[in-house]
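One structure follows; several queries about it will come next.
Here the chain labels run A, B, C, D and E in written order, and each chain numbers its own residues starting at 1.
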Amino acid sequence: SGGIANQTTPSSAGTGNATCGTTITIGAPNPLSGPLTDFGTNAIQGTQIAAAEINAAGGIKALGGAKIKIETGDTGSSDPSQATSATTKLIEDGSVALVGAWLSGLTTTVSTVAEQASVPILSQSWADTLSQRSYQFYFQPPPKSSQIGGAATSYVVAAAKSVGVTFTKVAGVGPNDVANTAQITAAVNAFKAAGASADAPTFFQAGITDATPIITRLAAQNADLLLVSGTPADVSLIVKGLRARNITTPILGFGGAFVVPSFAKVMGDQVNGLIAVGAWNWDLPLPGVKAAAAAYKKKYGEFMPMEAGESWVDVHLIADAMEKAKSCKPTEIAAALHSIDVTSGPGSAMPGGEVSFNADGTNPHAVPVLTQWKNNQPATVWPQKYATTKIDFGK
Amino acid sequence: MNRLVGVGRTVLPGLGVGVVAASLPYWLITQQYVLSVVMVAMIYAIAAQGWNIIGGYGGLLSFGHSVFFGIGAYTTALLTVRLGITPWIGMFIGAAVAAVVGAILTFPALRLRGVYFTLATFVLSLLVTDLAVHFREFTGGDQGLSLPFTRNNPLMFQFDSSLTLYFVLVAFLAGATLVVAFVARSRLGLFLRATRDDPDAALASGVNVTRTRLFGLMISAAITSIAGSLMLEYLRFIDPATGLGANTAFIIGLVALVGGRGTVLGPVIGAAVLIPAQQILSSTFAAAPAGLSGMAYAAIVVAIMIVDWRGLHHLISRLIGSVRRSLRHRPTGDLS
Amino acid sequence: MTTLVQVLVSGVLVGGLYGIISSGLSLSFGISKIANFAHADFVTIGMYSVVVLVGAFGSLGLLFLPLVVLAVGGLGVLMYLLLLRRSHVTAMNEDEAHLPQIVVTAGVGIFIQSLLLSLFSSNDRSISTILDGSWNLAGVSVSKAQAVAFVVSLAAFAVIAIVVNRTEFGRALRSIVDDGEAAAAVGVNRAKMVAISIGIGIGLAGLAGGLLATYQTVNPTSGFNYLAMAFVVIILGGLGSIRGAFIAGIVVGVVQQATGTYVALDLQNVAIWVLFLVVLLVRPNGLFGKRVAL
Amino acid sequence: MLSIQELSARYGDSVVVHDVSFEIEEGDLFGILGSNGAGKTTILRAIAGLHPPAVTGRILFGGQDILGLPAHKRAGMGIGLVPEGRRMFASLSVRDNLLMGAYGRGKEWQSRNLARVLEVFPELAERTAQLAGSLSGGQQQMVAFGRALMCEPRLLLLDEPSLGLAPVVVQRIFDLIAELHRAGDLTVVLVEQNAAEAFPLLTRGTLIERGRAVFTGTRHELETSPLVGRAYFGTV
Amino acid sequence: MSAVSSPLLQVRGATVAFGGVLAVNDVSLDVMRGEILGIVGPNGAGKSTLFGAIAGGVPLKSGTIELNGEDVSGRRASYMSHRGVARTFQKVRLFASMTAEENVLVAARAHERSSAGANERAAEALDRIGFLANRRVPVSGLSLADRKRIEIARGLAAKPTLLLLDEMMNGLTVEETDALIEAIRSLPSEGLTIMLVEHVLQVVRSLCDRLAVLHHGQLLVEGDPAHVLSRPDVAEAWLGRATGQEGHE
């Protein structure tokens, strides 16, 4: 009884026990209010698919078939203090590991709480800064932003070559945040290195109310490939504006916005043909993806989007780590994560086909994938070994 | 004797806040989660105490105090990250910087009345946020700045348990409350209220309105900036949205207004109600359809204002007053 | 040269929308002195209304726009009657009249955003109508939707401006601004007038929302960008000056376009904020505001 | 025509008018006398329907109890008010201020009365376009007075109409009041400290002390009452 | 009071313009130490504006104002306050959220650093207007006359050498007026100089040592009250029928 100051063990409450019981809780702190709600919801849906799969297959065998339970926490869309509180609650309520929090800024705070409490977090975020903090409990299966920008270029160039297209001039535009500027700049530089010409990319402030100046700038550059990133709302304004002016130049998109289901709804048929760089796709020929994507579609009525897939893999990785550690102690799960090398099963279903973690928490095997919207769904077009259809530049 | 009473009145609120808050973990706060919510509430209470000086006593309703909050956080963060300077010093350098910026704000504060000032500060917060995002090399852009994470290093404001951090925050909150109580009873406080009620009459009475607003804004900015530094230390991270954004500005203003502006304890009460309401609602409704928690929160805010526009402080003292009156045996009627 | 024309054309078109949003805010603010922090969220309601209508009836749904204006205006009146009227009419002093309203409207804004979030999710939504696409006039592209939106805004503005500046109704509105009690004493039904002006002001927000939906994507927080912009515009235009607000809206639109085109895309808003702060310092009563001595 | 019965009024918790009753006949020029803070303004506000104060009792106007009616309705019934403190529409022109006085009465009515008022106050005729907020104190008082005349009131409530006016103008407005009163069906309730000018005009009046009507009677009765003499004429 | 003949305040060619209107037009005026100078004139003559220019805050278009030989034209009101000029406003301006005592304390503390000293000053000023007993009441509920008295007390708390009173008397009963006249009359004996604007003839006549009449912003005449009030042009512009000779009954 009494207050917290009277308790003997101050932090990491409820996780010190040796027995894991019949259910093991994984916390999913994600934005469930504010403008990012959908991304958070998608991510949580992915974790739930994974939990259902694991439980259907008999739970965590090393722990007597203990079942996985997903506990959600609302980080809000823009308030790190709320993210901190929500994460604290998840940990206190017994989460042995966390999957979250989609937006880099939120992941930053969520992972700090996790680090403090010595609970591992697997993230769906890409920002380079996350892994630069040398946290012990931070794990990032998808690639880093800077990797994605450069890789995208080589992908596109190679994919284009495979259908006989070369680019002589590219133009880049995106929001002025750190991740997007890094990606677009890296991609533009890579194109230059590959022989195409390009003006310096231009950056706008997210939340545009009118795309005309952007379009004017893009139109003036006469490029034969446009590199675009941004939120679904901004990107759709830009793309629609371009199309309205009869500018049909192929568009390569970066970032989560380009592959969420809602983007297709906003864009209507104009979505088809857009090329996007991402970290995961529902049609990847990797272990377990097909079944998971089908289950997802059945349950939620949409194709399984990227953040759902990443989160789905994350839960499987936590399960793998528990199997390996034969423990549900957060510190031991973290230790196991640092030592695993998953090459089979859904835990390996990140592009690259293999997941292990460097000391900084990054996955050395991670590669991005190139997708293209066809029939209002993103289809993987590159790397060739994952491609389910051929890239198409509409020429 | 009178003097002693005066000193007592000044010191008491700060002391009370300190003692009550410091005792909470021994009986009321039984969960880490609640502790973390209360810590956030205390940080906003400090920020709102800063706001209170110029917004409550000075009558300049700022919706841009996030700028000072952010200056504190960013200065401390930059000093720590770039130069390795301890936050214990950094936060006071931040407060000094904020005070200088506050001093610059005096210029518009002299010319802009009422809503003009409110909206100007609101836009100022947007401007500063945009600039922080734009100059990403210096500020870390939208990703902000993260502090290095080291366990138990009190010198760098890192404590072995959050309970220690909690007590540190209690001390800061008590200090801020003390400052506000002191200002409220001081010459400056009187002049701030005079300039709030009628600047021209204040001038004619010999009050130097410029200097009054200058000092008011500087103290106000410095306190809010300290709150920003504390937020940085609590999160170990700061970004433009949290540090500088309109949302933070709103929270600071709302906390003070809902609690009761121009009262020593109002901001503390406001933070004690609003911040937990928001955070606990959102975790309660985390599994419910999106939006419910927001609606509930909004309803609470609106309801408080409709019941008593002066805020919770006034509402509570009214309730206490009526309870007292009903207890006390009163002679008859009114005296007129 | 074409670029310059393009900048001016799109600036004016975009600015017209800012103008109508802001005239609405200016009207309701001017009359009621309520700094309505939920104003832009009524824009969002207008947007969603049209999204739903067009979803149901296709382009024909646009014909219901007047109904949207009425409905959104009605919601505004409701907000006033239920939440604001008491403190507004019975206020003993300025503070009492204004403070609660800032908080209450901010709360209403949060409520609307949350409600829309629960109804429509945070997904961006957009519609396609016969207004999609653009005309190309000598290299200058003019979005059909924007052009129509501008014309409608201009017409609405003209009507409102005439009503407020030329009619007795308008004179009564302006008298309430100065002294509501004295206005009541000469026979003006203050509560009704304030409710009507808030209804009109918020109805204009709904109109703007409806027009915006024809070329913008919508999500529950879409309004925020317009809130800041509307505040800037009404102050540039001079608080309470409806004409000033409309003109300032256009000025802001052009400055925004010009900055985006000639300076830097991501400084578009910065330019506006700076313009705003500079104007405030140089002319504390706005570009078109009149000075009233006490 | 106006019957005040057991009127009480309070601001918040403090009751400042207690059970005041008096009758005003059609054509009366009724004075409300009393020292400062007695509650004169409060009574006029209660009759005009302004809030605060909160009011209880009965106010019969032409037989109808108007206590529950909002101020604008009472104005519509022909009750005009020159309020304490002038209460300009500061950002409206002098002309618009005056026109507001005849709010809702139609163009013809307005222009007729506007001409009449500008004739009474040639000072204002020079400044019809000036914003009322920038007028001098006395000029504003003229506008306030003129504004109340604009509606051709049946009952005119005057709260210290001479306040801040130069003696030469004070004479003019009291001449005017007398003239209007003589000419027709105007009933006036006058609160005025300028005894020398005002008193001869009164037909009847009441003396208020600390919120209570302590003496009501004809002018003559008032004049001879020691209570009134002391307060108003400095005589004992 | 030794330098009897040197004027306290010298207004030289003062002109104030609002837009095109010359509210004060080339006014020159000397105010002697210890006198009570009445400024009268028709409505809109520029009296309040002239006060504004002297007390600071209203800028002069041309001309100068000297106080004790120091050129103080264009100074801020707070500066003038510290130079010994206190004023009341035609439309009473109190600090609405404060009590009577706090209102007076504002001026007291602005002029006296020590808080004990300031409290003393405030009490003294309140006492002088007979408000000491009621000092704790909030001014928002006071009647007009009381508010005017508080405003005077606020002015007195600054211990001014020149006090500007703008229409203090109107709206008061004769009884109250007499009381206030007595209170004001006692002030100059303590070295205070007073300028007052008033439309109440009785006050002007019984209080003022000297009168200056403004008309259309210009100084029409200045001098001994009886003389000034008997002038026909003053009667026409300001006084009307009620002549200087006539008393109240």
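Operating definition for what follows: a contact is a pair of C-beta atoms (placed from the backbone, for glycine too) under 8 Å apart; a residue touches a chain by one contact, two chains touch by 3 or more.
Source: prediction; values computed, not measured.
J.: Find out how few touching-chain steps suffice to connect chain B with chain C.
T.: Each step joins two touching chains, and the minimum needed here is 1.
J.: Could you see whether B-E or D-E has the larger number of C-beta contact pairs?
T.: When the contacts at B-E and D-E are counted, D-E has more.
J.: Report back the single chain whose CA centre is most distant from the CA centre of chain C.
T.: That would be chain E.
J.: Can you give the whole-Å distance between the Cα centres of chain A and chain B?
T.: That gives a centre separation of 36 Å.
J.: Once you find the CA centre of chain A and the CA centre of chain D, what distance in Å lies between them?
T.: 75
J.: Would you mind pulling out the distance in Å between where the CA atoms of chain C average out and where those of chain E do?
T.: Roughly 48 Å, centre to centre.
J.: Quick check on chain B: which residues sit in contact with 2+ other chains?
T.: 130, 133-134, 290-291, 293-294
J.: Give me the residues of chain D that touch two or more other chains.
T.: Only 14, 134 qualify.
J.: Could you say which residues in chain E touch two or more other chains, in rising order?
T.: 18, 96
J.: Can you list the residues on chain D that touch chain C in the complex?
T.: 48-52, 70-72, 75-76, 81, 83, 87-92, 96-97, 99-101, 103-104, 131, 133-134, 147, 150-151
J.: Which of the residues in chain E end up touching chain D in this complex?
T.: Listed in rising order, the residues are 18, 41-45, 47-49, 90-91, 141-146, 167, 170-176, 178, 199-201, 236-242, 248-249.
J.: So in the complex, the part of chain C that touches chain D is made up of which residues?
T.: 89-90, 92, 168, 171-172, 174-175, 177-179, 181-191, 240, 290, 292-294
J.: Using the touch definition up top, name the residues of chain B that touch chain E in the complex.
T.: Its residues touching chain E are 187, 190-191, 193-194, 196-198, 200-209.
J.: Can you check the complex and tell me which residues of chain C touch chain B?
T.: So the residues of chain C in touch with chain B come to 33, 35, 83, 86-87, 94, 96, 98-100, 102-104, 106-111, 113-119, 121-122, 220, 224, 228, 231-232, 235, 239, 266-267, 269-270, 273-274, 276-277, 280-281, 284.
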